[in-house]
Amino acid sequence: MIQSAYSPQAVEVEVAAISAEPLDVAGLFALAHHPEAGAVVLFSGEVRNHNNGMAVDYLEYEAHESMAIKMIGSIVDDAKKKWPLNIAVAQHRTGKVSVGETAVIVITATAHRSEAYAANEYIIHRIKHEAPIWKCEYFSDGTKLWGGNCNC
Amino acid sequence: MIQSAYSPQAVEVEVAAISAEPLDVAGLFALAHHPEAGAVVLFSGEVRNHNNGMAVDYLEYEAHESMAIKMIGSIVDDAKKKWPLNIAVAQHRTGKVSVGETAVIVITATAHRSEAYAANEYIIHRIKHEAPIWKCEYFSDGTKLWGGNCNC
Amino acid sequence: MKIQVFAVLKDYFDKEFELGAEVGDIASLQSELVRLNPSAKGILQLCRFAVYDEFVDNDFRIEKNDTICIFPPSSGG
Amino acid sequence: MKIQVFAVLKDYFDKEFELGAEVGDIASLQSELVRLNPSAKGILQLCRFAVYDEFVDNDFRIEKNDTICIFPPSSGG
């Protein structure tokens, strides 16, 4: 699961960037440790029960999978060039996701916490704005809505 | 475990601010969900294997427990006043903590992720600088060192 | 050529279809799709196009056997 | 009065001890502790003092039965 990588202090944690199964947040967190990283930041983007005043039943995420995997990988690589990260992983769910479930997770680990926070926020911001992944909200009144702005 | 609190959208998650047992990161994360919170940020401060070029065997944390609990509670409350957090919890370990183990954890959940990151960083910064908790580093060469600067 | 559309575009076109008309580049493809379904004009102006997993510009030359993916603005998370 | 010291101060004093000398405020307590162990002077200048779980200033009046906690600069995490 862990291989050596281009940076002496970085490890490559092999995580599929897209998953049709529920994301294993605790399992991913367990992978994201490094003896030189004193700070681990984990972001979990979760499905809310309301959006714009409408009650949400569930979401469905659709991705262009091969491009989404490539783009998330390259966003994570860009973050590793900007900050001295020991570990950086990101995973986005596809398919039906219920209220309270995790739709996307980003974990960054590094020696100093300010860099772990900054890199984490950078990765999720770019994934949300650039990766070919779309959400469709299914509301309690039976209507649905594709896309729209980010929920968080 | 969950009680209503002063803010309509906040829930009070009852977590001991100081724990002599290993922190249950996955268990705390499982508590920190809220149907209105689309963004959950978790910070884990972990013991590194080196500090200032010295190989670290383990740390020991000592706290003035009653004051540390009061101060962490008041720091978390201050964060809830500054940001519209649905959930904010913090827990600090005491006693012997091995390399790679979590010494301190902060979880914030809110509707918008920028506020979850900012509140999380605010809470850990103040805990590290204000709470009466001290670390003693035990190095592989048999020496020890109290205090010093933050490790992350 | 084959067309694949995603997300809200599936409310306007089949998810995947063969385009019979000869279109030379992305700009002409866009015009042809608006001709097929005029109500898609607004959303099509916001879309990105990709061929072989790479984004392409409006002047990208389409080959006969290419598959063109059309992406509405994304907003994952 | 009872004194409790924390962290690195335990290298200079017992973790907990009774102070026989009469000291009226925190400033005099600090002087008395330096007199007992001159090598602690540097660290004592950086310390915070607390009574009944509240931080107190140098001019805080100490009562006979108070317990005074002495905190070196903290750096948890």
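Letters A, B, C and D name the chains as they come in the text, with residue numbers starting at 1 for each one.
Basically, a residue touches a chain if its C-beta (ideal position, glycine included) is under 8 Å from a C-beta of that chain, and two chains touch if they have at least 3 such contacts.
Not measured: the values here are computed from a predicted model.
Chains that touch both subunit A and subunit C are absent from this assembly. Subunit A and subunit B have Cα centroids lying 22 Å from one another. Centre-to-centre spacing of subunit C and subunit D amounts to 75 Å, using the average Cα coordinate of each chain.
In this assembly, the C-alpha centroid of subunit A lies 49 Å from the C-alpha centroid of subunit D. In subunit B, the residues that reach two or more other chains under the touch definition are 45, 124, 151-152.
Interfaces, counted as pairs of touching chains, are A-B, A-C, B-D.
On the side of subunit A, the complex with subunit C involves touching residues 45, 61-64, 66-67, 70, 92, 103-104, 124, 127-136, 146-152. Of all residues in subunit C, those touching subunit A in their complex are 6-8, 11, 48, 50, 53, 69, 71-77. Subunit A contributes residues 25-26, 29, 33, 35-50, 99-100, 111-114, 116-117, 120-121, 124, 151-152 to its touches with subunit B in the complex.
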